[in-house]
Amino acid sequence: MAIHHFQPTHYHTAIGSHPPVLHIASGDSVVTTTVDAWGKDSSDTEVTQRGNPQTGPFYVDGAEPSDTLMVVLDRISPNRSIGYSRTVVAPNVVDPVFVRELPDSGVADWRIDNQSGTATLLKEDTRLGSLRIPLAPMLGCFGVAPSKAQAISTDTSAEHGGNMDYRGFIAGVTVFFPVFVPGALLHVGDGHAAQGDGEIVGTGIEISMEVQFTVRLIKGKRIRWPRGENDKYILTVGNARPLDQAVQHATTEMLRWLSEDYGLDTVSASILLGQSVEYDLGNVFDPAYTMVCKLPKVLLPAPLTTPAS
Amino acid sequence: MAIHHFQPTHYHTAIGSHPPVLHIASGDSVVTTTVDAWGKDSSDTEVTQRGNPQTGPFYVDGAEPSDTLMVVLDRISPNRSIGYSRTVVAPNVVDPVFVRELPDSGVADWRIDNQSGTATLLKEDTRLGSLRIPLAPMLGCFGVAPSKAQAISTDTSAEHGGNMDYRGFIAGVTVFFPVFVPGALLHVGDGHAAQGDGEIVGTGIEISMEVQFTVRLIKGKRIRWPRGENDKYILTVGNARPLDQAVQHATTEMLRWLSEDYGLDTVSASILLGQSVEYDLGNVFDPAYTMVCKLPKVLLPAPLTTPAS
Amino acid sequence: MAIHHFQPTHYHTAIGSHPPVLHIASGDSVVTTTVDAWGKDSSDTEVTQRGNPQTGPFYVDGAEPSDTLMVVLDRISPNRSIGYSRTVVAPNVVDPVFVRELPDSGVADWRIDNQSGTATLLKEDTRLGSLRIPLAPMLGCFGVAPSKAQAISTDTSAEHGGNMDYRGFIAGVTVFFPVFVPGALLHVGDGHAAQGDGEIVGTGIEISMEVQFTVRLIKGKRIRWPRGENDKYILTVGNARPLDQAVQHATTEMLRWLSEDYGLDTVSASILLGQSVEYDLGNVFDPAYTMVCKLPKVLLPAPLTTPAS
Amino acid sequence: MAIHHFQPTHYHTAIGSHPPVLHIASGDSVVTTTVDAWGKDSSDTEVTQRGNPQTGPFYVDGAEPSDTLMVVLDRISPNRSIGYSRTVVAPNVVDPVFVRELPDSGVADWRIDNQSGTATLLKEDTRLGSLRIPLAPMLGCFGVAPSKAQAISTDTSAEHGGNMDYRGFIAGVTVFFPVFVPGALLHVGDGHAAQGDGEIVGTGIEISMEVQFTVRLIKGKRIRWPRGENDKYILTVGNARPLDQAVQHATTEMLRWLSEDYGLDTVSASILLGQSVEYDLGNVFDPAYTMVCKLPKVLLPAPLTTPAS
């Protein structure tokens, strides 16, 4: 149950089987920092290349393929006062004929105030004035080393997690990843002070973060796609294009979960999901899009067994 | 400002330029009934063929192509105590290899109680017991006659509305449709006592309804896709496959709306949407899927002009 | 076995259950004309509205739902010397970011010479010079009235055929349509003097045609999607978006065909198709895209029974 | 202009920046062997793990990012007499509801005869008898190391090539790859004795090969997607899902090629492609699907400059 403080010195723009920066045990916590999507740290200095550079990987002792890694996002806190967003919706989220209406994208600055919990637009040439929106700090890109000796760009996402850009990945949420390699090799990065669904301008409000997380290993538990849990919901994540396929991955994973842990056969699970499921949209910007399938916990039957510890 | 009471005698399973059942004026309200998706009325008697049969069409006097028809959903109230849902998720919402795990779909009965506002599962062979979920009555399929002398099956949806199966279309919501033909020719039907996102079992809890709505004509206002408004959000609807294209339609329509009515150029609208937009999933069951783009009203700038009246 | 000569006086831009212009019997042939996609006739005069106006519908006596209508395309012959094409690829066939590179589309004229069998570009401001390509006259849009009292725009396609824009629909080809309504109600139109795969500029070389076709009714034979046959191949057609779904429709229909008419179980059909199937691309411009699944006849086993007569 | 003979001792199932097995110069040829998709060599012995194991990588001296690597496929020749295919179409190529009709896939053996140029089915329990089809040996999976330190599974494909499963990649064809890393790092593998379009059973006739290829470096020439050339066509390759996006990538790359090397502005290129382009379907089985855009060489204008040498 140690708490490790780790200060990164280098970063990765592909999630893969890189040499670990730290070995940790199941139950341990890590306090660390992440740079923003453009490689800028807490002093707004570019310290590494662009592209959602990742802190890590962290080697979880004892993790082996076909285990599940549980990651509690304890804290995700902007550690500087300036954030950046792009300013034009991505060509792929508007009708093809409408793309001609899109100007080139610039960058908007936002002042981030952890005290008041707000992000304030610092851009004078729009009709938005000093637009102020609530902070909702999240991690856009994080995950574990993928299978088959792959190294997958932090531009995209897959079964291992990666660049999902789901605004639901905030502090307090638990995320479950399938383990594909010894040690799991957890990477974290790409913090957003806030973000709309879909990350439709190609960014959230990009910012460096102080991050604390706690890992727990669930031995012998095999999952196929990232799962998660917050106060109100259990959730599953599908990453693919088109979105239709992301829906398929997330829904199938939810059906598996309801079967394995709650004993719901397909008919029971279908009746329940059919009238109660909710879907959230992760990014529709990256090579793989993200869809999240959620079920309110209040509707869940008793689990078959006590949760793994 | 008349209130018309209309009792349907026949129904349509394609939305098109059928002879109108009633002429109404801008500002008028209609109180009517709809049968359920299987053609069953308030006495649970099959009175017409299956397939989301529609009540109407209602001819709005003065409506012409390139106007907009505003429809306030005043009341959507189940008028019987039994509802039906399918019991197995649709093959198209799970991974192709997982389809083999799906049994044949049956029908589950639900007891609908308007007093307590609940739907209770009446099916004894599941692990769900007497699952009880909150009522959230909505219209699954409604819209106006399409362009080009088309008659579009109530199985699907397009610019004219149709079978969107969006659980956000509840009482209190205002919906805007583009007008394609003289009189607009509004059709309504396919009530659901409740429904999960995506209508992933191919049905909500299908039930007959008493429906009251009020129309208002916005002359000379041209929109491309259905729009809507509730207490907290303005919203736009895209209907297409894949979902990626539904996202494009809805997002483009929102950009048009923000430009036309709120004077937001593409950069201003993009900055606002990028960090604040929300997307809801309508159906992922029908030939065309449905995605809804929403923006919190609290973030909107002052409109350019007073709304059309 | 009559040969009817029919001169159209009006046209339809939705394929549906319109009043028939002519009753014909199984075995009969019809010689008629079609206007081009922009409603221009053999004298290059605009005689009807734009949008692939259809000649017909022709009522085939005795045709009933669940029959199959066989249509032999006997002759498709340009009946004027000028054809038109658009000049810029459609925004939906290039990368979204590349759309900004596309200029507005104009119209290019082509001189059509039936004698030499060539189309010659008449446009002096390109680097193509007097580009000359072989004539390959085809029908872009034709089909039968759809089910459920639908009228489907000639902009798109579905199970009933419609705007498939498949360059393989040339003279000599036999096409099979499912019959959805009494009389089948065959429509024909949208001739192209030539066309590339995909109809990626949104047009072929659009031209009015003299068309001759022969119908034959196959009673009690139920198919789901258009099928066809030429000297070398049997083929099936899927119309949908995304293309992935069009592939699914066409492939499934081919598996059904091989089972029903050639007695191939799924394994036999799969082994055969797996190493021998060919796919052709119809349009990728319309709301529904088109994919054609083809199998060389030389590889077919003996049919179970003699073909219907 | 050396000819290297290289006998592999190990293989890779991800294409990435692995240590090179051989350094070669522009103009050099390599004669080597590939194992089949299941890791079996010319003696039908499993010598490595399954999953399209690759021979290589080959380091091309002087190759740097933003160069183009030209690879001439001189010879692709089965080096054993037994090949294998799967026996059931993949669930993702049929309608979702039809998946239930699919039995489990087995393996079919084929006798490969280089003398007669045929593959003969060795399976007695089908209606196909001793089905015999022509040999058309091709490489299913080959490519160069991708950008950003990625290692991409040989299950899929992207800008770097990979598992495209395009039956057009036969002996005599020239393929061009973008270079992303020093030395380009060419990998080759996954030979098929024959294959239908789409690789719809998930395999061609999988077999080990003797392969000879010649590389040539085109310095300073930057392309985005694989390109190719055979006797009759120039072609471009797009790899993505859905197929619609693969069409976009391939078409955009063709427009760039016609602009850069043939001086065709977008209008000229569009007119030409619109009436003459052809598309071939690579795989519709892998995570990324493949579409090939082809233009007949006979229609090309004179190139702007002599080809790079």
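First chain written, first letter: the chains are A, B, C and D, and each begins at residue 1.
We take it that a contact is a pair of C-beta atoms (placed from the backbone, for glycine too) under 8 Å apart; a residue touches a chain by one contact, two chains touch by 3 or more.
Only a predicted model underlies this, so the values are computations on that prediction, with no experimental measurement involved.
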One copy, chain C, sits on the other, chain D, after a C-alpha rotation whose size in degrees, in steps of 5, is 180
Top of the farthest list for chain B, CA-centroid basis, is D
Dist(centroid_CA(chain C), centroid_CA(chain D)) in Å evaluates to 32
Rounded to the nearest Å, the gap separating the Cα centres of chain B and chain D is 47
Chain B to chain C, mean C-alpha position gap in Å, rounds to 34
Residue numbers in chain B touching two or more further chains are 92, 96, 102, 241-242, 244
So, in the complex, the side of chain C touching chain D is made of residues 85-89, 92-96, 98, 101-103, 105-106, 108, 119, 121, 123, 126-129, 131, 133, 194-201, 203-205, 241-244, 247-249, 251-252, 255, 262-279, 281, 284, 289, 299, 301
The chain D residues in contact with chain A across the complex are 12-14, 16, 51, 147-153, 155, 240-242, 245, 287
Residue set of chain B touching chain D in the complex reads 90-92, 96-97, 99-100, 102, 242, 244
